[in-house]
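Next up, some structures in structure tokens.
Okay, so chain A shows up in both of these, paired with chain B first and chain C after.
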Partner chain A sequence: MLTVVKNQILVCILSVKYNIMREMLNKVTFLMNVTFMILNNASILIQWFVLFRLREDIGGYTMREVMLLWGLTAASFGLSRVLFARVYSLPELIVSGKLDSYLVQPKNVLLSVMTSSTNISAIGDLLYGLILLAVCGLGVRGFLLSLLFVVTGMIILTAFALFLGSLAFWFVRVEMLSGEMVMGLISFATYPDGIFQGISRFLLYFIMPVGMIVYHPVHILVRFDAGMFFTVLGYACLLSVAATVVFYRGLRRYASSSLMEARM
Partner chain B sequence: MRRQEKNAGANVGVLGKREKYIGRRYGLPGRKYGVIYRSVLMENLQYAANIALGFFGYFVFIFIFIKLWDYIYQTPGELIAGYSKEQMIWYVMMTEMMWFGSNAGSVGRQVKTDIRGGNIAYLMNKPYHYTLYILTKYTGEWSVRLPMYALLAVMIGTMMVGPVPGFKIVAVPVMAACIILGLTINAVFKICISLLSFWIEDASPFQWLYDKLLLVVGTIFPVEIFPQALQPFFKLTPIYTVCYGPAKLIVDFRPDKCVEILAAQVLYLAAGCGLMFFVYRKGVKKLYVNGG
Partner chain C sequence: MQAISVKELEKTFRVRRKEKGMRGSVQAILRPQTEEVKAVRGVSFGVDEGEMLAFIGPNGAGKSTTIKMLTGILYPDGGRVEVLGIDPAKRRRQLAYQIGTVFGQKEQLWTHLTPYDNFRFFGAIYDIPEKETERRIGELTERFELGGFINTPVRNLSLGQRIRCEIVASLLHKPKVLFLDEPTIGLDPVVKESVRSLIKQMNREFNTTIFLTSHDVGDIEKLCKRIIIVNAGQIVLDDSMEHLKYHYLHKKIVEVKMQEETTFPQVEGITILKHKGTYARLEVDTAAIEIGDALRRINAQAVEDINISNVPLENIIMEIYKAEGKDAAS
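== the complex of A and B ==
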């Protein structure tokens, strides 16, 4: 059992490694993608400098907390799209019947699909996020804790995208809607939760998992709360299991398009 | 046999007439772009339901900004950079409407894909100018999207913010012209950036920076919110003609400002088109095609 898990992890690592190596064939394009994505993300700080000129705090957040928010969001999103980019285009694979080549492989179908693509510009997102977390003055313990939250954020984000993407087994038009939902989630994640009240706050914590990806982690990093900490860990596990179950349930309904395709 | 020949002759005659008719109808310069525009428009009308699925993203963005400005404006009637809360929210709603309703990213993607994939070798031989073909196609796309987003923006704005203070309904045609010019200028600049793919494999990183500049400086905030020293500089960038100008006219219409913005747009469009033709002419010389 342990050997099987070890082999599967090794296959996943190799898959991501070869994805990145393939993209690195043109080194100039690769470096430009990564560097410009960092600059692209950094330019949004202008918005926050302008807003903090108007008010000392925005939704109870100072510039430091906003940087934490951005750091966690960018790093979680980046890590998710470096390791599991295919999850974000899963509906397209399902609707066009292109899962066949994964089904015939003697390895875990879901992990093979998830790790079959890497978004190179997401490396820029990941680096930008890590740089922001490093300059926030969290200390060594705080920084290590923030890295843990990057991983939980990545798991929740990936599971959310997988859950939505898997709905394409039942509904054809999920493709665009799931993309919009994920981008909507990212948009919410980059603004302080203090500006949202009432029903919108409830939605952000319980329907769209923004609260679990960034808001709770930011609160924990500012002031540690064991209850909140275990809630985030538990939620990450629960959503992953739920998304996996939905994917495999849906896979029973999958219909091939008999497309000849080879994975290299 | 004779009867058959007679009929055949009749067919040739009919076809000949049709060809002449088509030639007369579409032979004039610019007519062919009209045909492209109409076919893209008809195609996009078939996918109106898909476009409506994108409303969610627009709503999320507007919702966030309504909440953000609600938080920042503490007292009723407060002005920030000369804008009331309602004006500020309507400003963001209009710029975002143009952003979402135009989907300008598709222009860049199309040009990049054509150049990288080699499809441009087929398109550049057609009896049209490639860049104008892309521009026309794009116009056909936003002609369906933009009115849908405009309707959504008006509905959300009226329900969640209230009407635009001092809105001048008689100026709507000028505002529409200003929006159309803004979208076209934006597309021209995006094509220029994508044409860099002739030299570098992927021009997307430059598109990101250009988009982010428009988003942060002109879409989310009006230019007046930035320090006084930076404002003249921003007025020289595409921000002034692409997003600030049209949105400013909608939330705070003044005839003198309108003339100034329209004049700037015409100048920018002329300069942008000149640059686009220049970069394209230089770029195609760099093109080499692998057979296949």
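== the complex of A and C ==
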């Protein structure tokens, strides 16, 4: 059993390594993409600096908390798209029958699919997020805790995209809904939760898991709350299991195709 | 012992239906309609260990769907499948260690990596120890003559080189059964021949069971001893190649160039396919008339040149498709 897990992890690592190797083939494009993503993210933070010169707090957040928010969001989203970028294009793979080559391999089909692609600009997101978390003055313990939340955020985000993407086994045009939901989630995750009230707040905590990806972690990093901490961990596990179940239930409906295809 | 056993296999797809035009598109949103397409209908057959089987049929006959159910890609809706004693739908991963697949239209290799890096990756996928992977890569590189391009990215290889690499990747873990879905599609005759001889060699040396689907009659004729023809999701013929030829090759094609323009007599068993000036192309049904008699009837003494050949296997298969397809569909 241990060997099986070890070999599976080895294949996943190799897969991610080869993905990054592919992206690095064009050195200039690679470096430009990473650099511009960092600069792009940084430019938005400047707007927040300006806003906080006018007001002391926005939605109950200070500049440091906004930096934490951005750090966690960028790093979680970045890590998810560096390791599991394919999950974001899962509906297209399902609808056009491109899972065949993963299904004939003796490895976990879900992990093989998810790790089969990477996104270069996501490396910029990840670096930017980690830099922000490092300069937020969390201390060593706080920084390590923030890294744990980057991982839980990545798991929740990936599982959320997997859950929505797997619906393509049942519904053909799900890729738009899936894409919009994920991008909407990322947009909401970069604003303080205090500015959302009523239905929108309910949505962000119970429909889109923004609360579990960033809001709870930011609150925990500001003031540790064990209950909230275990809620985040439990939610990450639960959503992963649910998304995996939906994927495998859907896989039974997979119809493949006769389209020509190449593994790019 | 049987390597593959299939009983009453069935697969049905639900396909969306849409009326033409914008109105149809709106209707499809409000009241989506689907129809059931029976891709495989009660297919049963067995393949012995070490056998080379051609599984052929026209487009949409259900051959790729069958191969996908045999490899665990698709779940059957009915019937039973066992490949090397394993049910592909229930123990897909376990089966994958023992089978190899080559889909001519679907690349399994990473195009930005070299064949060597790809083979290393496949070695990891099949849990082959590193040293053993290296040894196998060396051995297969020599046998399949990949030395000249093993370190060139796959995207820069010719189609023939790529297919050879695909086959090597599928052999790295020494599969007992190899599924080949149109492995020679798009290849030139020389490369086709080399791919065929490699497949033959593999079958001879390792007793690998070969399950081949192809539209290329050359693949079928040169590789397989047994043929299964499917049409409209059903088996319409399961016979040995020898038997098939014996039964269907009672027709001969006689091409003659006469010394002067002649008219041919209307004789039972002789059909004039083409007649232009002194050249004529005739089909002789040897079940109705002996070839010697036929030659006498066309006045062999006035023949300047003659060529007698069998009806191409392609034509025989086409006839079976047409004749049996109608029965299967009805």
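Quick note on the criterion: the second predicted complex is superposed on the first by the 258 of 264 C-alpha atoms of A that agree within 3 Å, B and C clash if a C-alpha of one lies under 4 Å from a C-alpha of the other, contacts with A are read in each partner's own complex, and residues count from 1 in each chain.
Note that in this section a residue touches a chain if its C-beta (ideal position, glycine included) is under 8 Å from a C-beta of that chain, and two chains touch if they have at least 3 such contacts.
Just so it is clear, the model here is predicted, and its values are computed rather than measured.
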Q: Have a look at where A:V28 lands relative to chain B and chain C in the superposition and call it first, second, both or neither.
A: first
Q.
Output check: A:L39 vs chain B and chain C. Expected answer is one of first, second, both, neither. What do you get?
A. first
Q: Determine, under the contact definition given at the top, whether A:M183 touches first (chain B), second (chain C), both, or neither.
A: first
Q) First (chain B), second (chain C), both or neither: which does A:F196 touch? A) first
Q.
In the overlaid three-chain picture, which partner chain does A:S256 touch, first (chain B) or second (chain C), both, or neither?
A. second
Q.
Looking at the complex, which residues from chain A come into contact with chain C?
A. 3, 7, 10-11, 14-15, 18, 21-22, 25, 99-101, 103-108, 172, 252, 254-256, 258-264
Q) What does chain B use to touch chain A in their complex? A) 50, 53-54, 56-57, 60-61, 63-64, 67-68, 70-72, 80, 200-202, 204-206, 208-209, 212-213, 216-217, 220-221, 225-226
Q.
Which stretch or stretches of chain C touch chain A in the complex?
A. 13, 16, 64-65, 68, 71-75, 92-94, 96-97, 99, 101, 103, 105-113, 117, 121, 124-127
Q | For the chain A and chain B complex, residues of the former touching the latter | A | 26, 28-29, 32-33, 35-37, 39-40, 43-44, 46-47, 50-51, 54-55, 58-59, 121, 173, 176-177, 180-181, 183-184, 187-188, 191, 194-196, 200
